[in-house]
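Here the structure is laid out as structure tokens; the discussion comes afterwards.
Every chain is named by a letter (A, B, C and D) in the order it is written, and numbering of its residues begins at 1.
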Amino acid sequence: MDYSQFLYMKEEVSLIVVMAILFLYDLIASEKARKYFSVVACVLLGAHIIYNLIPTSTPGSAFGGMYYYTPMMTIIKSILTFGTLIVFMQADLWLKREDTKFKQGEFYFLILSTLLGMFFMIASGHFLMFFLGLEMASIPMSTLIAFDKYRHNSAEAGAKYILTAMFSSALLLFGLSFLYGACGTLYFEDIPALLTSGNYMQLAAFVFFIAGIGFKISIVPFHLWTADVYQGAPTPVTSYLSVISKGSAVFVLLTILMKVFAPMVTEWQNIIYGLIVITITIGNLFALRQKNMKRFLAFSSISQAGYILLGVIGGTAIGMASLVYYVLVYMVANLAIFGVISIIEQRTEKVSMDDYNGLYKTNPKLTFLTTLALFSLAGIPPFAGFFSKFFVFMAAFKSGFIVLVVIALLNTIISLYYYLLVVKAMYINKNDNPIEPIKTDCYTKISLTICLIGIIGLGIASIVYETITAFSYGM
Amino acid sequence: MGVELYLVISTIMLCAGIYGFLIRKNTLAMLISVELILNAADINFAVFNKFLFPNQLEGHFFTLFAIGIVAAETAIAIAIIINIYRNVQSLDVDKIDKMKH
Amino acid sequence: MEYTILILLLPAIMFIFLGLAGHKLKPKIAGIFGTISLGIVTLLSLITAWEYFTSPRVNGVFEKIIPFNIEWLRLGEFLHIDIGILLDPISVMMLVVISLVSFMVHLYSMGYMHGEKGFQRYYAFLSLFTFSMLGLVVATNIFQTYIFWELVGVSSYLLIGFYYTKPSAIAASKKAFIVTRFADLGFLIGILVLSFYGQTFGFIDLMGGNSDLALQGAAQKSFLGIGVLSWALGLMFIGAAGKSAMFPLHIWLPDAMEGPTPVSALIHAATMVVAGVYLVARMFPLYIVYAPGVLEIIACVGAFTALFAAIIACVQTDIKRVLAFSTISQIGFMMVALGVSTSMDAHGGLGYMASMFHLFTHAMFKALLFLGAGSIIHAVHSNEMKDMGGLRKHMPITHITFLIACLAIAGIPPFSGFFSKDEILAAAFKFSPMMGWVMTVIAGITAFYMFRLYYNIFWAKEAKHEHKPHESGFSMTIPLMVLALITCVAGFIPFGHFITANGLVYDIHLETSVALLSVGVAIISILIATIFYRKETQPIPEMLASKFRFIHKSAYKRFYIDEVYQFITHKVIFACISTPIAWFDRHIVDGFMNLMATATQKLSYLIRNFQSGRVQQYAYVFLLGIVVIVGLILLIL
Amino acid sequence: MNILLFFVIIPILMIFFLWISKNRNQIRGIMVAGSSLLLILAGILTYLYLTQRAAGDTAEMLFRSDYSWYSSLNIKLSLGVDGISVAMLILSSIIVFTGTFASWQLENQTKEFFLWFCLLSLGVFGFFITIDLFTMFMFYEIALIPMYLLIGVWGSGKKEYAAMKLTLMLMGASAILIAGILGIYFASGATSMNILEIAKAGNIPHDAQLIFFPMTFLGFGVLGALFPFHTWSPDGHASAPTAVSMLHAGVLMKLGGYGCFRVAMYLMPQAANELGWIFLILTSISVIYGAFSAIVQTDLKYINAYSSVSHCGLVLFAILMMNQTAATGAVLQMLSHGLMTALFFALIGMIYGRTHTRDIRELSGLMKIMPFLSVCYVIAGLANLGLPGFSGFVAEMTIFVGSFQHTDIFHRVITIIATTSIVITAVYILRLIGRSFYGEVKNPEHLKLTDATWDERLSAIVLIIAIVALGVAPLWMNNMIGDSVLPIVKALVIK
């Protein structure tokens, strides 16, 4: 066989190498060497990013169409890896804790394996590949969620996750079987020709597929696990869940909708339309009265998912670009907030919004960063969030979904309200025993700085979006 | 003996699985129900492959992979359930609703 | 005659100077500054008058001169507001009147306001007023008139409220401003309408100028059955009525007496209150041509006001209020005179000349009266008649001058009032005998209450004073004497040679019948007054008062007009409009916004249990979602 | 390098230096330097603008330059000013300058306050110098959000509520606005978001206009305190700290009128002509309604806020008259109201800082205690009720005369209704002055209060000078604006 096609899989291969090294390091490293585990992990991952940053080869497919490659995928993969790197940095403090420091290796390995799964999922050219990637992304995830296994919340979250995940993937699988039955093949490029509208089997298959992937993106009504799991999981894992897996899933959803289900575009646009509306609204409504920061962010991330889908619904190249851009922007903002939350949690065990009252008095810098991040999530200029929101709106508007855009816009008011609640808590509310000044370790510092730069710079510097667009036409 | 019969069976398995998943309070039982659904899907693959598209193996392979994955998944699930048991001394699914609203 | 610009500039500069630097100066210095500048202004205006009236007539009329004019604000392609100086007979006449009286008042105030707190502020405001008033009369266009109209309004507001710690003064100033402001609204709308049809503000254009055609075109148009130009001019008259205290907008003037007396003399007797008359006179040609109906209304309003005010004046006990009502009544005379004019020519336009004449003479003797009253009040520290009486011995100069003024206003020859009033009566009789008789009667009443006042102050029973009243200093008596002198001689000015409706020369000839009649009536009423009030004890008035208690009381209470206003403002506008609106805003409009917010909150609590934390329920929902989606699609397909 | 860029660069630099500043004196120094630079810059710009015009440059916008930004989305940073924007820039710079001094005494968290303050002014300046829909909108929102923290942290009274309400209502409006802007962009099928180009193309379909005109107008109108969406303004202004209410009422509310005129009406003339009457009725309601509700208020700031509703209503009212004079009047009104209301809020802030109450029933005889402030307040009041010699008169008269020139009887009648506001204004202003400033001092506590300090005097005097200058010699400003509104008004005339 032709080994050159492995070149398409550059990202995956190098990631596997990284994983292998870490694995071996975990096995053989001495106690002293283990101190530098995080350094090694971060450096390796950084190297991986740099190595894969530039999209080299032209679009193409390998292994008889099982694996697909487009430059856009490199972009999204790099974004995801980049996010993972930040998560690694923020996780360090937590991993150094007594009850987890002996399983750092596991953490890195598991995370990277989910990442690998996502890579495959993104690059898949066949539903088998897609399914494998999906599962590979979600099974280790459950173990990550239950990582603090002696803490009840973590365990409970893990259980909830694995049960619902299995349920959804089972249904997905069932749906795929229908698709297979209807089309006789599961290759992405073959299916469109075989799709005939009004075929109930295909329809059922499609709905099951939406449900399965919707579970990953946590679209209402497939979102219910989200809040609990986000709350229960260790904070770094939560942040990973909220940005990386969501981002990859959305991207995949768009590619598959565009590639595979193109013939039944009207159906899926209607479905996505409805899903967007309820996702944004329900997410906002629930977020309104959350007191636990992580749970709060869970719901906010649900409504954000709705906004991301605005980029999907058009099924256009500009939609793709705005979507990827949105994921990137959303990632930096969310990771910034989670970084702050996690360090505060590590230092003080406090995650309730009431504990954040008067945070500004004691930790101005962290508060300032959080404020900017929240503004970015709320879509307020000059922070990146404004641009990303505007662009997805533009994409949807261009495809003629005016009413939808207006609904989404009105929802931004609610979201602004609850983001401001946090700001209010930190700046305005009085607190008798506020969180004492917190000293941040250098990892957190670096990661937060990167996030800050991202939040401010991504919007102002149009180059980022322009690059993404340039590749989005390669779809 | 046509494809419909198999489909009926797989559908019954699906419904049974879903029913079990929704009704049984024992987490392990729920796990088993999920297994039922998955197997229903596997059966579908196999059947479609055999009856509708006899001259290819895509479905069979898919089934194999699926079985493998499900096995792994189940293993993890059981591990986690044991972990839960350690925490709450019970397998009752309603016990694990500390986080809500 | 470019130097006329100085007439405007000097007071303005003086206002700014005193306003900004005044409190740094010694009061005396500030006063001297103000007075000197006014002296110069007076000189200049006299020169102007001389130069203007000696300049050759162009086919029989003094031509209108515009020595200075700049565009101040451009409103569209045709309309533009200018600030300039227009010299024509009436404006020149007004220049003389205003600057003269103002100068007298400045001088007088040196003594009267001596030692008052805020002396400099007082002079600053006086200069502001003078500036605005002069600007008003020399306006080249209706909008400039409006601008200075507003400015005199505010300066009167400031001067009435000069004693800003005195509640009554505050109330009075507020009242004066708001009432006139309300009237000015009419004026403004009038201007808007006129300018809309005439496409110009300029007086010269409006009157026989370029926009004549436009106006003739507009004369056909009508709104709600009344010609648009009648609307415009009528609305303008409302403005005039407000400033000139015509019924029912007169209520502010009596209260305005809260201000320092010299201010009352200057603003609320001599100059500002006649601005309304001046405005009507200014627009007179338009009234004659386009709105004769409005002129009749003006006549009626004027007559009624004159009567109404005269009656009230008979029973007031505060001498300044008596004078205030007499002012109202006299202005009524002027309005009547304008109203009864029927044409531009000498015959029909007699009233025009008469009213201007009366405006002139009245300004002089009414200022004199007020200043005299001022010196009296200065002496006895009270406005009430009962605290006076028998003052003739103590303050001879004041006495004589006051008497002269009284005779003048009563219309006794040879004092100026006689001539002007006589012309008005003549015009009234020409218009209709009815009107003539009414005005004659009012003239009689005027004579009566003036002498009631006179006797109660200078004769009657001497009230006991803690320290003996004495004649005021020179700075106060000199203006009195000057004005008295003018009052004596002003009647012999051949007024018709300077100011007539059509500008042509018109020789005033007394119609003996009217003259005799008016003099007779005047003398009779003076006699009655003498009988009533000369004695130490005054039985007859008291008897009458007790007999016609109701009339007396309501007249004393000025026929309860103020109460009506009070009711309207507080009970209607405040209670029935503003308060409900404010409530509506807080509770309905704002309430709706809050409602939406709270509704969202409530909703979010309602759907709380949707997230029960139980895996199986999650699975339910999951499945339900799938089913619903499928169902929906099936429905769509 | 386009001179206009400095209007955004200076605030950014100010933000940066504030960020690294150490102590209060440094902060003050930075603020003074920056704001006076802006003032000077505005002066220079005006000079250059007028000279260019005098040189016969009849381009609609001067100092044009495009900096490509998101080229794939046709989003540019297009700069350009005409008379209207220049006037607004002058206004903004004056108010930023005076606002700095009005908050000179600020004690707590000075640094952060001025940080957000600068962000606010950045938004304001940016809005006025850009003519690209997206950039414009971006600056618009930049100007909105700092309000929340400024009011919430440094405000007084029920500040959290007020801040949240203000932010949400304005953001809600801007949410609708986004839809409007996107609608304009896509419906026009233009290849750029540049207003001029869209207007030149003028090919927005009629029915699209009918949808997007109300959205855009409403979106901007809410910031212009359009009835019934004005309720954020009384609470917001009442709770905001001095400088913020100055800047917000003085400049930010003008963004509304400016946007309505420059975006909504200019780009969608047909809809403006067809639907104008609805908004005309709304605005005339807010003119009268605001004035009437001001009469019975007892809080100084509420009185002023409602009078702002009334006066800003007049702005929108005038631009809907769609003729040159009225539009000029509208811009003049923006200017004069900005200056007057800023002066008001500054003085109220100073008085409140001394008496710690804004209730006119508790204040009395201030003229005796703090003559300077009181005199300034009386002047502001007189200016507000439209006295000749002050800017208010010029603006209002231009509006009334202009509106009355409208050929349609309905417009003339509604104009007359609007004119009655000047009387009502007089009522509440005089009532307030009579109650609080004249009379004897009732509260002995107040007797030992002091008069204004030098910084307060400075800010008050600068504002008064501006007001009087505009009121005495309006012609050049009037001409500058008049020439610039002409193209827009021309566009509004339907062939």
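Annotations
Going forward, a residue touches a chain if its C-beta (ideal position, glycine included) is under 8 Å from a C-beta of that chain, and two chains touch if they have at least 3 such contacts.
These figures come from a predicted structure and were not determined experimentally.
Taking the mean of each chain's C-alpha atoms, the chain closest to the overall C-alpha centroid is D. When the C-beta contacts at A-B and at A-C are tallied, the pair with the greater total is A-B.
Annotation: 27 Å between the Cα-based centres of chain A and chain B.
Chain A and chain C, compared by their mean Cα positions, are separated by 78 Å. The mean-CA centres of chain A and chain D are about 43 angstrom from one another, to the nearest whole unit. As a whole-number value, the distance joining the C-alpha centres of chain B and chain D reads 65 Å. Listed for chain A are residues 159-160, 163, 167, 171, 227-228, 417, each touching two or more other chains.
Touching two or more other chains at once are residues 168 of chain D.
Each of the following residues of chain B touches two or more other chains: 21, 30, 93, 96, 98-100. A complete list of chain pairs in contact reads A-B, A-C, A-D, B-C, C-D. The residues of chain A lying in touch with chain C in their complex are 159-160, 163-164, 167-168, 171, 198, 203-204, 207-208, 210-211, 215, 220-222, 224-225, 227-228, 267, 270-271, 274, 282, 285-286, 288-289, 414, 417. Against chain C, the residues of chain B that register as touching in their complex are 18, 21-23, 30, 93-94, 96-101. Residues 597, 600-601, 603-605, 607-608, 610-611, 613, 615, 617-619, 621-622, 624-626, 629-630, 632-633, 636-637 of chain C are the ones that touch chain A when the two sit in their complex. Remark: chain B residues 14, 17, 21, 27, 30-31, 34, 37-38, 40-42, 44-45, 48-49, 52-53, 56, 58-59, 61-62, 65-66, 69, 72-74, 76-77, 79-81, 83-84, 86-88, 93, 96, 98-100 touch chain A in the complex.
Only residues 608-609, 611-616, 619-620, 623 of chain C touch chain B when the two sit together in their complex.
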